[in-house]
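The structures considered in this document are given below.
Below are two complexes that have subunit A in common, paired first with subunit B and then with subunit C.
Coming up: the complex of A and B.
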C-alpha cells in the first residue's frame, strides 16, 4: 500500500514527465487498437460478405463434390428436410443449389453457360443475389402463363445471345439419367455486369433445374447461414452430429464449414493476414521503443533521488519494485484513457468508416469504406501490448536504479 | 557406267520403297471399303436398340434410322418417352439435332464433334463420318490364319480424329470382329466388338456392336440392330430439315 502511494506520488511530482510518458503509451495504445480494428474490420467485412454471397457458413455436399463437382454427386434436398435443418440451433437461413453446365441458345447463337438451380425464396434470405439484379425481376418458382419456368441470366449470357428480359432461352445439356436435357425458359432478369462472377451464369428455380437434369428433390449443395461466420466450425460440427439421423447420412453427405468449402479462398486470406500481422508487429515494436525512451529518461533524471532513497535505507528490491509499479500504473492510466478515446473512435469506424479513395467492387457489391470492428480483442490486445512493453521496458532502468551506489548517485548531475 | 546404273537403280528402289509406304494395299482398300459400306450398303432403314451403361446410370433407347451412303443419315429416338422424337440429321459435313420439347433445330457446332451423342459412348463425330477411311488413312493388310488385320495410319497432313486404328476381319465371312481405336500416342482408347451375326434383308451382318471406351471406367454402349432393310427408296432430297422436324 505504501508502495502504491509512493509510486502515485512520484507520478504526480513531475507532471510534465508523467504526461509525456503517458502520451507515448496512449499514442501506442490508440495506434495499435485502431489499426487492429480496421484490419480485423476489413477482413470481417470481406469474409462476412464472401460467406454470405458465395458459400454460406456451412455446406452439406456429397463426398468429393467440393473437389470434383459432378452432376451425379448429389444430396437430398426436399422441403421437409430443409425445414428441419432451419429449425436447428444457430441456423439463420438454409438453401439448396443445383449446379451444372449447359449450352444456352437464344434465337440462333449458342453459348456455354453454368447453370445454377436456386430456391428463389430461400436464396433471397441467405445470399445477396437479389441485390445483383441489374434488369428485370427476381426469379419465381411458378410457371408463367405460357408454361415456362423463369430464368435469370448473367450479363455475358445476355450479350452473347442477344437476350433481354422477356425473351426465350433454350438450355441443352445432359440429364443425370443420360437423357438429353432440353427446355425453354423465360428470361425474367439480368444479373450483374460484364465483370461480375455471375456473367456466364444462368439461374433457374430449383424445381426447374431438378426437372431439367432429372434429379428430383436433389441438390449439389445445401447452404447454411449461421449467426456468425466465425462460429462456422462449431456450427458445422453440431450439424454433422444432427445429420447422422437424417437422409443426409444415407447419401454419406459431408458437413463442412466455409473454410473447407472455399479452401483456396481461405488459404489466400490467411496468407494475406499473416503479412499484415508482421506489419503490426513492426508497429508494436516502434511503440515499445517510444515507451522505453520516455521511461528510461524519467529514471535517468531521477538518479540523485534514487541515491538519496538508497542512502536512507531503501532496499534495492523495493526500489526496483517502485519503478516497475510506476510504469505499470502509468500503463494502466494510459490504457484506461486510450480505451475511453478508442471506444467512440472505433464505434465511428465500425458504423461509419472512412471512405476509400476508390470504391472496390467485389462481385457486384461495392466496398466503399474501411470499416472497424467492435470486439473485446480490439481493445484488449493493445492493452496487453502496452502492459508487457511497459514491464519489459522498466526492467532495465529498474535494475540500474537498484544497483546504484548511493554516494555515486548523489554526486550525479 | 556400271556405277551410274547402280545409282539409278538405287534411286528407283528408294522411290519405290517410299511410295509403297504411302500407298495402301489394294486388297486392304477393298476390305476397308467393304467395312465402310457394311451397314449402309446404298441406302438403309433400321431400327435399333442402344443400351448405355455408365457408373452412374444405365439406359436403353430405341431408335429408327435412315441412311443414304455415308453422306446422309437421319436418326430418330423412339424410346424412352422423355426423349421421344429427338432426331439427328446429317447432310454431308453438317449435323443438326431436332429437339421437339423446345421445338428447335440446333446445329451441332464443330467444337461439339467429339462430344457424346445422346449420352452414349459414341461421339457426334462417329455419326458424322462421311469420308471413307480410305481417304484419310493409309491401310495395310496383315493376313493371319483365321482373320485379316487391317492397320490404319493417318495420311500425312490429314487431320484425323484417331491416331490409328486396327480392324480384325473374319477371313471366311469377311465380317468385322473387332475394331480398335488408338490416339496419337498409340494408346488404345476404345474397342468396338462385333457379335451375333444375323441375316438382314439377305445380308449377313453382326447384329450387335459393343463399344467400350478404355479411358472411362465402367462405360459401355451396346447397339443392337432389330431390323435392317436395304431396299429403301431414298434420295438426297429426303434428308431435309423439314423431315428432321417431322
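Coming up: the complex of A and C.
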C-alpha cells in the first residue's frame, strides 16, 4: 500500500509533466480506439454486405467448383433437402444458384451473358438482389400467361440488346447432356446500373435454369446465411457434419465458409487490415517515444532519491517495480479516461458515423458513411497496447534506476 | 564478541595515473557492538568515504569489508540491500528523506520492506517520533518541517527498524547547536540504554566529547585510534 502511495505521490509531484504524459497516453488510446472502431466498422459493413449479397456465410458446392466452375459440377438442390438445411441450428436462410453462360438474343442483336438460376423467394430472404431492381418487377417462379418463364436482366444486357420490361429474351447455350439449350423468356425487371456486377447477367427462376441446362433438381451452389459472418467457420463445420448423412455426401459436396469461397477477397481484406494495424503501431510508437522521454526525465531527476531508497534497503527489483508501477498507474488513468471519452464518441460513430467525401459501391450497395463498431475489442485492444507500451517504456528507466550504485546516485544533482 | 564491521586493507581510489587520488588507503578497522565511535579528521581525509564503504553504499577499489562476518564483495545487490535494510541505519548530513512521504511514512518505509505487520509499524513509528520530539508532526512532509525536524525524522527512520549499527555522516552539520545537542543526547541515550552501535563521521566537538572511541583519519589513513573508557 505504501508503495502504491509512493508511486501515486511521485506522479503528483510534477503535475505538468504527469499531465503531458497522461495526455500522450490518452491521445494514443483515443486515436487507436477510434481508428480501430472505424476500421472494424467499415470492414464489418463491407463484409456483412458482401457475404449477404454474394457468397452467403457458407456454401455447399461440388468438389473443385470453386476453383474451376464447370456446368457438370453440381450438388443436389431439391426443395426437401433445402428445407432440411434451413432447419439446422444457426441457419437463417438457404438458397441455391445454378450458374452458366449463354448467348442472349434481343430483337436483332446477340450478347454473351452470365446466366444465374435463382430461387426467387429464397434468394430474396438471403441476398440483396431484390433491392437492386431499377425497373420492372422481381422474378417469380411461375410461367406467365403466354407460358414463358420470367427473366431479370442486368443494365448492360438491356442496353446492348435494346430490351425493356415486357420484351422477349432468347437464350442459347449447351445443356449438361450435350444438347443445344435454348428458350424464350419474358423480361420482368432490370437490375443495377452500368457499373454493377450484375450488368452482364441474366437471372432466371431456378427451375427454368435447371430445365434450360438439363440439370433437374441440381444447383452449382447452395448458399447458407447464418446469424453472423464471423461465425461462418463454426457454422461450416457444423453443416459439414450434418451433410455426411444427406444426399450431399453422395455428391461428395464440400462445405466451405465464405473465407474459402471468396479467398481472394478475404486475402485482400486481411492484407488491408494488416496495413491498418501497422498504422496503429506507428502511432503507438510515436506515443511511446513521447512517454519514454518524460518517464526517463522523471527518473533522471530523482536519481538522488533512488540512491537514498537503495541506501536504506530498497532492493533493485523493488525500485524497478516502483518505476513500472508509476507508468502502469498512468496507463490505467489514461485508459480509464480514454474509455470514458471513447464510449460516447464510438456510440456516435457506430450509430451516425461521418460522411465519406464520395460514396463507394460494393456489390451494388452504396456506402456513404464511415461507421464505427461497438465491441469489447475496440476498447480493450488500445488498453492492452497502452499497458504493454507503458511497460516497455518503463523498462529502460526502471533498469537504470535498479542498477544505480547508491553513493553515485546520491551524489547526483 | 563478534565484530559488527571489520575492514581489511580497505582502499578507495579515484582517477588513475597522475590524477590518482587515494581517498582511503589500506584501512584496517573493527567496530565492536555497543561502540559510540567518532571518525574525525580534516575535510578530504576520507571519513565519509569510509562510512560509505562500511555501509556497502560504495564499492572498494581494494580490500574488504565484513558485515557480521560476511564479506560485502560476496553479496549480490539484493543481499546487500537486504543487509542494509535489516542491519544498518543511515543518517545523512543532508537528511535525505523521501519528499513525497510524511514523517511517519518515511519512518515506516523500511519496516514495510522488512515485512513488519502494519499495527506494529504504526506503534513503533509513533513511539520513535515521540522519542525524537516530533509528536503531532507525523503527517507533515519533509518540506513542511525545519532542518532540525527533518534530521530528527532521519534519526527516527534510521533507528525505528532497530538496526545493529547506525552510520551517521555529519548528522549535526546542518543543525543549530541546541538542536544538534538534543539529537546527540538522544542517540547517546539509545547507545547507553539499548546498546545500539553508532559510527559517526564528524567535525562536531560535541560528538567527539561523547564518543568512547575516536578514530582520526588523515589522507585516507588511520592516524590515531583512541579508545576511551567512560
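In this text, the second predicted complex is superposed on the first by the 370 of 413 C-alpha atoms of A that agree within 3 Å, B and C clash if a C-alpha of one lies under 4 Å from a C-alpha of the other, contacts with A are read in each partner's own complex, and residues count from 1 in each chain.
Note that in this section contacts are C-beta pairs under 8 Å (C-beta built on N, C-alpha and C of every residue); 3 or more make two chains touch, one makes a residue touch a chain.
Keep in mind that what you see is a predicted model, and the values were worked out from it rather than measured.
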Partner chain in contact with A:310 - subunit B first, subunit C second, else both or neither: second
More subunit A residues in contact - subunit B or subunit C: C
Touched partner set for A:318, first subunit B, second subunit C, both or neither: second
Touching partner for A:105 - first (subunit B), second (subunit C), both, neither: first
Contacts of A:72 with subunit B and subunit C, given as first, second, both or neither: first
Contacts of A:184 with subunit B and subunit C, given as first, second, both or neither: first
Partner chain(s) touched by A:176 [first = subunit B, second = subunit C, both, neither]: first
Common ground on subunit A, meaning residues reached by subunit C in one complex and by subunit B in the other: none
Contact footprint of subunit B on subunit A as seen in their complex: 71-72, 103, 105, 110, 170, 172, 174-180, 182-184
Complex interface listing, subunit B residues touching subunit A: 52, 54, 56-57, 59, 80, 82-83, 86, 97, 99, 101-102, 104, 106, 109, 112, 116, 118-120
Residues of subunit C defined as touching subunit A within the complex: 52, 55, 57-59, 77-78, 81-82, 84-86, 90, 92, 96, 98-101, 105, 108-110, 112-114, 157
Subunit A - residues contacting subunit C, complex: 2-3, 5-6, 9-10, 12-13, 304-305, 308-318, 405-408, 410
